[in-house]
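Chain IDs A, B, C, D, E and F follow the sequence of writing; residue 1 opens each chain.
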Amino acid sequence: MRTVVVTDPPRADPADAQTLASYGVATVHEALGRTGYLGPEFRPAWPGARAGGTAVTALCWPGDNLMVHVAVEQCRPGDLLVVATASPSTDGLFGELFATALAQRGVRGVVLGSGVRDVADLRATGFPAWARAVSAQGSVKATAGAVNVPVVLGGQRICPGDVVLGDDDGVTVVPRADVPRALAAGQARLDREATNRAAFQRGELGLDVYGMRERLPELGIEYVSHREWSREQG
Amino acid sequence: MRTVVVTDPPRADPADAQTLASYGVATVHEALGRTGYLGPEFRPAWPGARAGGTAVTALCWPGDNLMVHVAVEQCRPGDLLVVATASPSTDGLFGELFATALAQRGVRGVVLGSGVRDVADLRATGFPAWARAVSAQGSVKATAGAVNVPVVLGGQRICPGDVVLGDDDGVTVVPRADVPRALAAGQARLDREATNRAAFQRGELGLDVYGMRERLPELGIEYVSHREWSREQG
Amino acid sequence: MRTVVVTDPPRADPADAQTLASYGVATVHEALGRTGYLGPEFRPAWPGARAGGTAVTALCWPGDNLMVHVAVEQCRPGDLLVVATASPSTDGLFGELFATALAQRGVRGVVLGSGVRDVADLRATGFPAWARAVSAQGSVKATAGAVNVPVVLGGQRICPGDVVLGDDDGVTVVPRADVPRALAAGQARLDREATNRAAFQRGELGLDVYGMRERLPELGIEYVSHREWSREQG
Amino acid sequence: MRTVVVTDPPRADPADAQTLASYGVATVHEALGRTGYLGPEFRPAWPGARAGGTAVTALCWPGDNLMVHVAVEQCRPGDLLVVATASPSTDGLFGELFATALAQRGVRGVVLGSGVRDVADLRATGFPAWARAVSAQGSVKATAGAVNVPVVLGGQRICPGDVVLGDDDGVTVVPRADVPRALAAGQARLDREATNRAAFQRGELGLDVYGMRERLPELGIEYVSHREWSREQG
Amino acid sequence: MRTVVVTDPPRADPADAQTLASYGVATVHEALGRTGYLGPEFRPAWPGARAGGTAVTALCWPGDNLMVHVAVEQCRPGDLLVVATASPSTDGLFGELFATALAQRGVRGVVLGSGVRDVADLRATGFPAWARAVSAQGSVKATAGAVNVPVVLGGQRICPGDVVLGDDDGVTVVPRADVPRALAAGQARLDREATNRAAFQRGELGLDVYGMRERLPELGIEYVSHREWSREQG
Amino acid sequence: MRTVVVTDPPRADPADAQTLASYGVATVHEALGRTGYLGPEFRPAWPGARAGGTAVTALCWPGDNLMVHVAVEQCRPGDLLVVATASPSTDGLFGELFATALAQRGVRGVVLGSGVRDVADLRATGFPAWARAVSAQGSVKATAGAVNVPVVLGGQRICPGDVVLGDDDGVTVVPRADVPRALAAGQARLDREATNRAAFQRGELGLDVYGMRERLPELGIEYVSHREWSREQG
């Protein structure tokens, strides 16, 4: 890995990140054709956390948070820090002191491929964090890594400046170039969902609302009464 | 797998399901001889969720919630939807819109072998859900499956019409034929626990309350003072 | 395994355990040179749990809580019960009735290498518990084990009388002989963190506060503008 | 669980089990509509193992192989022993001495939801075994279970007398009533595969052999040259 | 995800891929600064497998191998097929018939983020395959995906035309642009290892060969005789 | 952790280690009362590996093999190197060059809590290795650890000088003080097994050989014919 700190990457508009965060992770992931979601291993450190920001990335050695310290300096208001490790690690690379430093700089949250600690403090102060583990295991500051290079977390490539969103459902990434599309498609999806929600509240069925009923026979789905089914099963 | 929708299976009495839910998952699982529990992988989407209902089952293709839509139509008041997949999947096959539709039909909750999403909304509206994962990952509606056939979740076979119970300890199933036995044995267990609880609050010991003390020597258990033990360990 | 109950092991001072619990798991683990932490698999049964006590250990057969019953009798006020199994098991070896009995004896909490159950009751009554799983799966009382022998949980050796601490970050152990060092080093660390927190709130950077900035070039870390970086990547 | 030993269950024909084993696990699983497979966690103790027999089932307490001893007596020539545990366990409930006893009785192999040990001996003597783990961890013989009741392994229900098949791809179950269908559909599938294999060896493509090419545009799949694609991606 | 088949991507030289495969996965991963390795979850279907080729990528729906069929047609001699799924799946998306078709086209192997099956046949015919699981679980052909778009496997981004290498240590990717550097640095590393191997065979120590001895005191490492150490531990 | 290298710890007799290795992991683990086994996660790098030696321990930082280099110098003929990490890591801390150096010093094998690499070379040269993972992921040499301090692997405490044994069933540790007992009890167990094996080959049953038959009714086990059982199940 090249041990480099890339400065001043272009960023998406932090206001757009905030708007997308209000749409929610599931909605934005769907709106972009079911892409970008980091998977169920990334969990919020406390329930109700919600944030959206522009990614500053740090690539660390397992058990070593030197590059998190380096990355803090590269953060601006509206950013969200994204921390990956060179190989899998659950160690608690991030805690309350980092949160204090980031909050002071206007950073909106953190996503870690490793562990997070001081979760009682994070909950108390409301600093949003997502991680693969909660772990008190401490770190050294010995080995070089990189800041603001593309990283992969949960099977998703995250580039500096991309929008990263988190809520109770986990974390998703919106590539910087896709932000306008995400805004439009996300709003359209919310509108559609509002219509469908009203239909469901009136007692309509998804089979009809989504026009699936006629496709069921083509797919070979047959309806059988339980009485008949029981007879067939002997 | 046969791609069939079985209609109108006989169901246990939904009132009995409610009573069993009030006993709790651990109590009912114990009362039936330690059977029926789906294991620790099934977690509530929000703390404090509690529900009991009669199972409507859906067997889906991984990443595909077509059969959940089909299953909704088969649900009646007092039911609880149970969703299995043909092979392991954590995708979020169920979210807030489904919960809206089910709540409108008087359905009491959902148990998923896969993932659940929109958990902030489920918590806010109080719709009970248990799942193996929280995941925003979206689904297609492309492949046929089955509704109201027996499914296996967490090593337990669940037939349509069985009682399924969930609380903070997870999920357990009571086969329809065992409901009367579960009601009687569960109530008896609650009574016994109340007696034992009172004894413990008075300072009595389980060794005496459960009559285990005399069996300890037969099992080869010996008591040694720490001083003696330390001397033996060298 | 020798099937023995060791009585009256020497214990650390329960007041010191309480003090260390107030320092927090992460702080104490760090203060002792990043040792003692049981890893991220051990989670509190309810958020906000915090406890510190002197260990009484029980070594059980998987799925069998006979030795938990035996261990209860060995517990004194200020103790914290530690339960290990001879091979991995997630079964719910501990629930509300045990908590009632332990609370009556002044025991401060429980740590289980297996599962815990009745978590709704534990949360309601505020009895602190940490475990690898939440599981309603019940136990038998058939096979001998040991009480107050050294056990290993999460890669850490826990001897009877050691201090065991738990909070939202998990569980850590302080060997009895290390308690004075933990008290001193923990307090020193808290003081240092207060100083650093104030610096971060003023906008200072960890790179400077911890004196790392000058080491970065030695480690081969170079700073490159995004424009230059993009040119190099072609 | 009811602690019962069911004697003399009806069995499928052991010769049919042998024939199905020669078809292979993947072929039979597919032939029955992709049902019955126990999943990727079940691995052979040694590469090249292959067996098919009629199930004798044992349900054990975790870490306790009492019921395996009981089950041996219920085994006949052509049987295959299937061992489940009441909750997850990796302990080595089965080893070379059991294999010696079973081989003497004409039993064709063993499938364990827990662990297996003495794998060097099993490989040397060619006794087929599949398990979730290799583990030397020993067992007690203390707790009652059941023999020849239905068990669930890997999400599949196995009844005594069913055909169980294992090879390098894992383990699958054929319910006794489905054996005739499995024989016919398995042979038909082998024939079809032979035809397709010959086509592939001549250079034909699956898209054409399986008639999928025309469906691709309906599914929204478009072909784009790399040059064009690169231009679009900017 | 865009459902597109990208045709004729530029490829690295297949002869270079072969040379790099002869260097081995560990050597090439190290030579490129410890990058590109897909992690320990990717295992060969049979021991001794070794291959290197130019990537053709397929992105499938979980449990659905439609796009593998589409990808076969895009493969040329010297290629190596790389199969990812939109969300995690262990299903056996690839087996012996696919291997027959690919071998006929001069394809050198396959890497799957999901499962592989027919491993006895793959071993017998010597077709190299790496996968996250061995699984007989069958697939449908229902849902569109993509061919020759970048995919992420094991935290590594693989673009069509990149070199992918596999051996007993797993799988690594060399981006097309890095192939010349990998060839040079890999050969240099092999030469250096030969020198070091000779030194070790003469009894020299890594501490001296790699010049680490003098750094040990700076790192705070002290040497203590066991006698002294025991005295300190009390 | 104290960053110390402890020199010249007392060791068990390497000849005894060899004898115990010939008994096998399962036999020795059983002979010592089912203690010492490191669990099913530790697998041989190649089938058929078998070794026994006196432990030299190394405690490394995750992803950092500096202390393995330091440990090599502390190894003598008859030793077996044991490598733990301060927090979980699968990185390949050990490969063929280390094996060459150790073989030159008469070291009998290696056990790693992390990963191993170059397994094709290890298999070819017959150097025995056990690890939690096979991984090509490379290491740095940056952070201090310890040599010849007690470490915990797989829930077992291993002290320098203890006997460590490995075979196809995994790894077990025999504390130095227990070696005489292990030799005697292991030989006795082998003798007993030979007697039992002969009985099983004559067709006797474990129920009788181990005298369990009479205890079955006490344990509540009843025998029921399948006909009767089916009638009861309805």
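Note that in this section a residue touches a chain if its C-beta (ideal position, glycine included) is under 8 Å from a C-beta of that chain, and two chains touch if they have at least 3 such contacts.
In this text the structure is predicted, and so the values were computed from the model without any measurement.
Asks: Give me the set of chains touching subunit B intersected with the set touching subunit D.
Replies: A chain counts here if it touches both subunit B and subunit D, which gives C, E.
Asks: If you check the contacts of subunit E and subunit F, which chains show up for both?
Replies: Under the touch definition, subunit E and subunit F have A, D as mutual neighbours.
Asks: Report the chain pair from E-F, C-F or A-F that duplicates the B-D interface, where duplication means over half of the contact pairs agree by residue number.
Replies: C-F
Asks: Tell me the rotation angle, 0 to 180 degrees, that brings the C-alpha atoms of subunit A onto subunit F, to the nearest 5.
Replies: So the angle, rounded to a multiple of 5, is 180 degrees.
Asks: How would you label the subunit B and subunit C contact, same or different, if same means the shared numbers make up over half of all numbers there?
Replies: The interface is built from different residue numbers on each side, given that under half of them are used by both copies.
Asks: Distance between subunit A and subunit E based on Cα centroids, please, to the nearest Å.
Replies: Going by mean C-alpha positions, subunit A sits 27 Å from subunit E.
Asks: Nearest whole angstrom, what separates the Cα centre of subunit B from the Cα centre of subunit E?
Replies: The mean C-alpha positions of subunit B and subunit E differ by 41 Å.
Asks: At least two other chains touched by the same residue of subunit B: list those residues.
Replies: Only 34, 39, 86-88, 90, 135, 137, 143 qualify.
Asks: Each pair of chains that touch: what are they?
Replies: Inter-chain contacts occur between A-B, A-C, A-E, A-F, B-C, B-D, B-E, C-D, C-F, D-E, D-F, E-F.
Asks: What residues of subunit D sit close enough to touch subunit F in their complex?
Replies: 3-10, 46, 66, 69-70, 72-73, 90, 92, 95, 97-98, 100-101, 104-105, 115, 117-120, 123, 133-138, 141, 143-144, 148, 160
Asks: Mind listing the subunit D positions that touch subunit E in their complex?
Replies: Result: residues 24-26, 29-30, 34, 37, 39-40, 43, 47-48, 50, 167-170, 172, 193, 196-197, 200-203, 205-207, 210, 212, 216, 219-226, 229 of subunit D touch subunit E.
Asks: Quick check: in the complex, which residue numbers of subunit C touch subunit D?
Replies: Going through subunit C, the ones touching subunit D are 61-64, 86-91, 135, 137, 140, 142-143.
Asks: Of all residues in subunit C, which touch subunit F in the complex?
Replies: Within the complex, subunit C touches subunit F at residues 1-2, 33-35, 39, 86-88, 150, 152, 155-157.
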